[in-house]
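The following blocks contain the structures, represented as structure tokens.
Each of the next two complexes has chain A plus one more chain, namely chain B in the first and chain C in the second.
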Partner chain A sequence: MIVAERKPFEEIKALVKDFNRVLTVGCGTCVAVCLAGGEKEVGILNTELTIARKVDGNPIELGGVTVERQCDMEFLDELDGMIDQYDALISLACGAGIQFLAERFPDKPVLPGVNTTFIGANRDVGWYEEKCRACGNCCLGLTGGICPVTMCAKSLFNGPCGGTNHESCEISPDQPCAWHMIYERLSKQNRLDSIIEIFPPNDWLNTTPRTIVQPAYKERKAAR
Partner chain B sequence: MSEMILSDMEEIKINTDVLVVGGGYTGLKAAKGISDSGYSVVLIESDTIIGGEKNPLSFIGIDVTAQDELKRLVDDVAADDAVNVLMNTRLVSAAGVPGDFTIRLATSDGDLEKKIGAIVVATNFSNKPLSGAYGLSLSDSVLTLSQLEYLLSGSDRDRLSNKTIAFMVGFAQEGDALVMERILSNVLAVESIGGCTTYVFAGNLKVASDGLERAYLESRDKGATYFKLKTMPTISPDGESISFIDPVLRKKMELSPDVIVIEEEILADEMNPLLAAILRIDVGPGGFLQTDNIHRFPVQSNREGIFVIGGTRDVQNIPTALMDVENAVLEINHLLKDGKIVVPKNKAVLDIGKCTFCITCYRLCPHGAIYWDNTNKPVISPVACQGCGICASDCPMDAIQIGNYSDAEIMDKIKSNGSAAPDDLRIVAFCCQNSAYEAGLMADAFQMETPANLQVIKVPCAGKVDLDYIMKAFVEGADGVLVMACHPGNCKSEKGNTYAEWRVVDAHRMLEETGLEKERLGFVTLASNMGIGFSSAVVDLENRLKALGTSPFNK
Partner chain C sequence: MKSGSNLEKILRAGHFAFTGELGPPRGADIDAVRKKAKFLVGSVDMVNITDNQTAMVRMSSWAASLIAIEEGLEPNYQMVCRDRNRLAMQGDILGASALGVRNILCLSGDHMQFGDHPYAKGVFDIDSIQLIYMVKKMRDEGKFLGGADIDTPPKLFIGGAANPFADPFEWRVYRLAKKIKAGADFIQTQCVYNMKKMREWIKQANDMGLTEKVYILAGVTPMKSLGMARYMKLKVPGMEVPDDVIKRLQGVEKKKQADEGIKMACEQIEEFKEMKGLAGVHLMAIEWEHKVPEIAERADMLPRPEV
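== the complex of A and B ==
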């Protein structure tokens, strides 16, 4: 899932400094699961802002609402009619959600309340690890299910580099070498052959915004 | 426990079969007791036999009555149709909640799935020889305590007659009363063999348990000689001579025993960590499956419906273990009844429509009361849930509400400002019902000093104090807020007080960010009988607030 972190309070406070009526919009999916932008975090951010602005002698009026997913336009419809009372919106969704919210309500300033950080997995309550950089050309089939684009400091598709230091990466003894882990995993599975295979260079599609249309819906898109 | 009204109750049907893990003395005894109460039992044992004949004396020692009882038990259990004994079988997984567990067993004929209502864990402890610590290797003349017990119970017991036997205890470990009890009963047994001379070399004599002092004196009367030494005596590597300074005569002595008997260390079953992980129960000190918790009855684990008895939970002797068995049988009767039980409807209610399946609640519930049903939705078991509210406080979607303590009810209390004079400093104190709330009642009853505008808000556990409650209290005009929890290690829900403290730390950070003085918020731990502690905590905060003045929300 997408993992985000709440922005530092000072930054959010600065973003809303010129507004007196603000609606905070949470997202009930990824950012709720990673405890950064669900209903609870909407409430807490609003309370924090209320206190801070009161202390500053410049009270602010805040509303809060959490939609199912900000990255689907249909779920944003429920905000119609609510928006008019506010000068600005804070979105606690990931960057995709924030942009969809801004696109849906182009007349209102939409401000980010979180930093969208990575695609990751959940180890324990509140603890997330980056797992994928969305490179667009997944090599996990050859690398024993360990992503070198994410885990290798140089994102090498065909590693390791000369800096591999026993089990560690040369950047730090605390950073495991991705290619060492890949070697270990493949060797346990008797699949070391696949480490020899050369994975072609990525054409780094992700330097321009990508669009995906799932095969079953290609016709549907063409018809629009 | 809580003040549920009866209309909030519902009757549910539960499974009444019981799983007993471990076919040793306590496991068998429990299986029989539970079956005698009318429940079906599945008894699993990883070994190929029950009754532990392979190593018969590790737990019951040379207690002849217990040995006979064990033999009888093995027969009784085998003859009991209501006890299904599965040997060579291990527990692989256990999902669900009391009254409705689904367990998976690995048997010699493959995996087996069963539905059961309750689980009793009856693993045994093991004895680790400490001969190495004495620089000795085991031989015909250097024995472990278990080996001696085996000898004493067998037919070649007379091999020991007319022998000089030296016991070593308390040099290789701190030891405890049970180690001492075993030593003493062996000393007495050896003395009953003709012509034996016994010496006991002891680093310490732990006799602080029922009857031990008496056994010690009796063994001395019968001729055993005790040397209490500060350091380990020097023993030749073959075990043939022991030299030491006699502390009474202050003189170097040398002794050549025929047999040296070495103490053993009592360790928790090595299966325990795995079982704890499968059953999601807490591991206590030494790998025993119970933590010190004053709110819990002896055989209870942190999960309702899972009981830990005998050597599973502690180093203990036979009488204590038998008491555990009785308690477990009682608890099981109390829990399973006739398969129909009445439970509160609204202890913790989960709104599936709001839930985003983040599994935070599942991970945090200290009582393992939340599980996933086959549609992959979280469900809170009304049987297992203790209503602590820990899940509710951390749910990112506010999807869980606790009966009598819903967010709306608590917010109403936070907002209501009683009838205090407008210029009194207003303090909101969130008080755990198990400790601080009681302490507050006591402070009131004895008319101890408390602030004029103190508003006590009772919570089922300090873990129910949501970060949002703390922050909202300030918005609603509290000049100061206190979170009052049980002392460390005393939380009925194990970690509620810890979570509450972490949240206060987090709220302090937030207050700093907002510019409101963080000194307005405090965290205190109390016991229920600490009326004075309660009074001084609230008065302290009031004094701090006097220096800070009223909150901006009250100006």
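== the complex of A and C ==
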């Protein structure tokens, strides 16, 4: 899932300082699961903003709504009747959701309430780890199911580098060395052959905005 | 001859090579480079010019390499993958070769987090093994990485680094093999303190026939003090300093520790001269360039051969 973190309160407060009627829009999917931008977080943020603006003698009128997914236009339709009464929107969705919301309502300022952080997994309640950089060229089949692009601080394809500190990365004793893990796992599977060959320079496919249209829907896209 | 560098000639002639290191200054002072270079002329066969080492901004490696050439020193142009992409690298490689640089050392580079710009974007477009492969392709095939022809290919003796002491130890010799397969002509190792592990690693390399395909120079850094030894042991990733090194320095009074450090380095060099599979020593006298002539003398490495 996409993992996000709520922005520091003072930053959000500064973003809405010129607005008096603001709608906070949560997202019920990834950011709700990672406790950053779901229904509960919409309520908490609105409460904090209400109190802070009252203390400042500049009260704000806030609304809150959480849609199923902000990254899907059809779920944004339900906001149609609500938007006019607000000067601005805060989105607690990931960067994709925020941009879709801004595109759907181009006349309204749409402000981010979270920092979209990574594609990750749930290690435990409230504990998420980055696992994928969406490089577009998956090599996990050769590296024992451990991503060197994401998990190695230098994204090395032919590691480990000389900075491996016991079993940790040179950047921190708390960060396991990706290539040490890759070696250990492949060694146990008797598959070290897959990393003895030199990985050639990677074709980085994530340097331009990407669009995917599944083959069955190409005609549909062409007709739009 | 692949490059015609002094180092290549010395190694091909069968001499035991002795190389040094020069860290460029954190400023635009050309005299700072000249001053360090003067200590090294005549004492070493080639000098590594570091590239923003420990991720601290310094005078660029290629510029300091050119100053070294003016001073009569042969540079080993260090290039890290951290700071530039494949376009910038290939451009710099052509420029360095055009201006007379004949050796290059291909490195991953320390992570940005260690330096004075911890939130810089790390480039790592290619890694050190891919960089070795790229330089070889440019030199031997006369082609850019992208496949286009180079009208005048660069002439460089290609180096890589090896750290026999970082985990997983069993994999290190295979990583060496990958660097050789990618195109490394010579290898300089991390500073050696654990001689037992070094002997074991070289034996593995001998057994795999790797030392017949590449020239390996063992890294030596003399300890200037007990404090430095402790720092290297605890703070430098991938560095292994056994307790007996610490104990030996503890056993001498403080003002004699530097001398003891040099004595220990000379003892190591003596053993390396006899070690099958080694072709030389790379002396990294960190911010101690003025001591290099004395160390070279005491290690019986002078005069350097003329080839």
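Quick note on the criterion: the second predicted complex is superposed on the first by the 220 of 224 C-alpha atoms of A that agree within 3 Å, B and C clash if a C-alpha of one lies under 4 Å from a C-alpha of the other, contacts with A are read in each partner's own complex, and residues count from 1 in each chain.
Everything below uses one rule, namely that contacts are C-beta pairs under 8 Å (C-beta built on N, C-alpha and C of every residue); 3 or more make two chains touch, one makes a residue touch a chain.
Since the model is a prediction, treat every value here as computed from it, not as a measurement.
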item: Joint occupancy of chain A by chain B and chain C, clash or fit; value: fit
item: Which of chain B and chain C A:Val25 touches, first, second, both or neither; value: neither
item: Chain B versus chain C as contact partner of A:Ile119, first or second or both or neither; value: neither
item: Which superposed partner A:Ile146 touches (first chain B, second chain C, both, neither); value: neither
item: First, second, both or neither for A:Cys177, with chain B first and chain C second; value: second
item: Contacts of A:Phe157 with chain B and chain C, given as first, second, both or neither; value: second
item: Where the C-alpha centre of chain A sits as vertex, the angle toward chain B and chain C in the overlay (nearest 10 degrees); value: 100
item: First, second, both or neither for A:Ile198, with chain B first and chain C second; value: second
item: Which of chain B and chain C A:Val67 touches, first, second, both or neither; value: neither
item: Touching partner for A:Val3 - first (chain B), second (chain C), both, neither; value: neither
item: Minimal inter-chain CA distance - chain C and chain B, angstrom; value: 27
item: Residues on chain B engaged by chain A in the complex (per definition of touch); value: 354, 356-358, 360, 363-364, 394-398, 467-468, 471-472, 474-475, 510-511, 513-516, 552-553
item: In the complex, chain A residues that touch chain B; value: 9-10, 28-29, 32-35, 38-41, 43-44, 47-52, 54-57, 66, 124-125
item: Complex contact set, residues of chain C against chain A; value: 81-82, 86, 108-111, 113-114, 122, 124-130, 133-134, 145, 161-163, 166-168, 171, 174-175, 177-178, 181-182, 190, 237-238
item: Parts of chain A lying in touch with chain C, wherever the complex brings them together; value: 153-167, 170-171, 177, 180, 183-184, 192, 196, 198-202, 204
